[in-house]
Amino acid sequence: MGRVRVQSEDFDPATELAGFGAEGDVGAIVTFSGIVRGTGGLSRMEIEHYPGMTQSAIEKIVAEAERRWALDDCLVIHRHGEMVPGERIMMVATASRHRQDAFAAAEFLMDYLKSRAPFWKKEFGPDGAAWVAAKDSDEAALTRWSASEG
Amino acid sequence: MGRVRVQSEDFDPATELAGFGAEGDVGAIVTFSGIVRGTGGLSRMEIEHYPGMTQSAIEKIVAEAERRWALDDCLVIHRHGEMVPGERIMMVATASRHRQDAFAAAEFLMDYLKSRAPFWKKEFGPDGAAWVAAKDSDEAALTRWSASEG
Amino acid sequence: MIDVLYFAWVRERIGEPRERIETEARTVAELVEELRGRELRYQLAFEDLSALRCALDQELADFDAPLDGVREVAFFPPMTGG
Amino acid sequence: MIDVLYFAWVRERIGEPRERIETEARTVAELVEELRGRELRYQLAFEDLSALRCALDQELADFDAPLDGVREVAFFPPMTGG
């Protein structure tokens, strides 16, 4: 049921969310937007991805969220390619009867997108270009979902 | 810094969020929208509030969230008066460098708005009108913020 | 003289949203006791204190809080915002 | 014949995004060992396996996973999406 889109173009959250969750008996909508930060004089960012895998990997993450929580709607949009600070990288939206489910599912989706969807960020700044290293804290964030949650 | 608005009119999230978080080095924006559900044939809802207290009570909750997490921006809009199913009741938005702070602050704000801001919901359905009873689970949700969190 | 405000079903049971009261009560609990002694509608509104909350001058307070210098007392059920 | 794909700094060290390889390797680990023996750029790319991830036919896999019937192997650093 959840929709997944991987694209290089920017998108407008308001347009994407028109009618979101309108079909269920939805009481709560949570959205998350990831934005390119300008930390350390970052001038731009490039996001590489694995075209043959990205869509299906995200769809599996969404299916798992829908299995764990009572979601009436779910949307993931993730960009690749070149972006500058302030630009939107991605968005997640979840709709549910209850706020706890909408929040938990959105956080779950974000934690998995961070470490399990095939994207790699490269930052270009005053000291040249560097691939963003995965954070231990992002890997650790997954452990909270492996126990009894959901 | 956070903005708080209490009003009876509907609002447009896209308009309210234009420029939201644009001044910090924001990497994450979380929004929560509460919607009137049509459960049990609900035809409309009335939200009463305590005009002299509502604004300042929410401002205190926002100030506490800003004390606990590194927020670059924060917005709370809460309506009162009459609403029908599908209408937006309220919205919370948080902006931070990191997704964990944005999520935690939004959930904290929601938990406190549920039980500590002076609003009371009355539902009108096929069996007449009834004041919505506070849920034990909403009160219990506050306990997780009283320990070491934040 | 103190302003007493009622909200939600407390307001409905009392039958009005606010009134000014002349009282010697030293705490909220004493004020409640005094109001209960007045009329049936107050007894009904203040039947179960565990189902009520109160605020003094727009700040949440306990029922044993003193009324010294307080200008506005509000009584209401547990809040259901969000 | 198997398609081998490289992403991010693995791709940069290898110098190309994909290649077709004739191999007898039975597992991902054996394929890595074989590639390492080829040229310095493979040694550099596969220096530290703990810093690498792999996928078999677009599914995340372990390095000891068998290559039977696999058409596409991908090597890349830990993902940094979101």
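Going in written order, the chains are labelled A, B, C and D, and every chain counts its residues from 1.
Everything below uses one rule, namely that a contact is a pair of C-beta atoms (placed from the backbone, for glycine too) under 8 Å apart; a residue touches a chain by one contact, two chains touch by 3 or more.
Since the structure is predicted, the reported quantities are computational estimates derived from the model, not experimental observations.
The chain with its Cα centre farthest from the Cα centre of subunit A is C.
Chain centres here are Cα averages; for subunit A and subunit D they lie 26 Å apart.
Look at where the CA atoms of subunit A average out and do the same for subunit C: the two points lie 48 Å apart.
Taken residue by residue, subunit D touches two or more other chains at 82, whereas all remaining positions touch fewer. The set of subunit A residues touching two or more other chains comprises 34, 99, 110.
Of all possible chain pairings, those that touch are A-B, A-D, B-C. Contact residues of subunit D toward subunit A in the complex are 5, 7-9, 11, 55, 58-60, 72, 74, 76-82. Taken in their complex, subunit B has these residues touching subunit C: 34, 47-50, 52-53, 56-57, 78, 89-90, 110, 113-122, 131-134, 139.
Those residues of subunit B that touch subunit A in the shared complex are 13-14, 17, 21-22, 25-39, 86, 97, 99-100, 102-103, 106-107, 110, 141.
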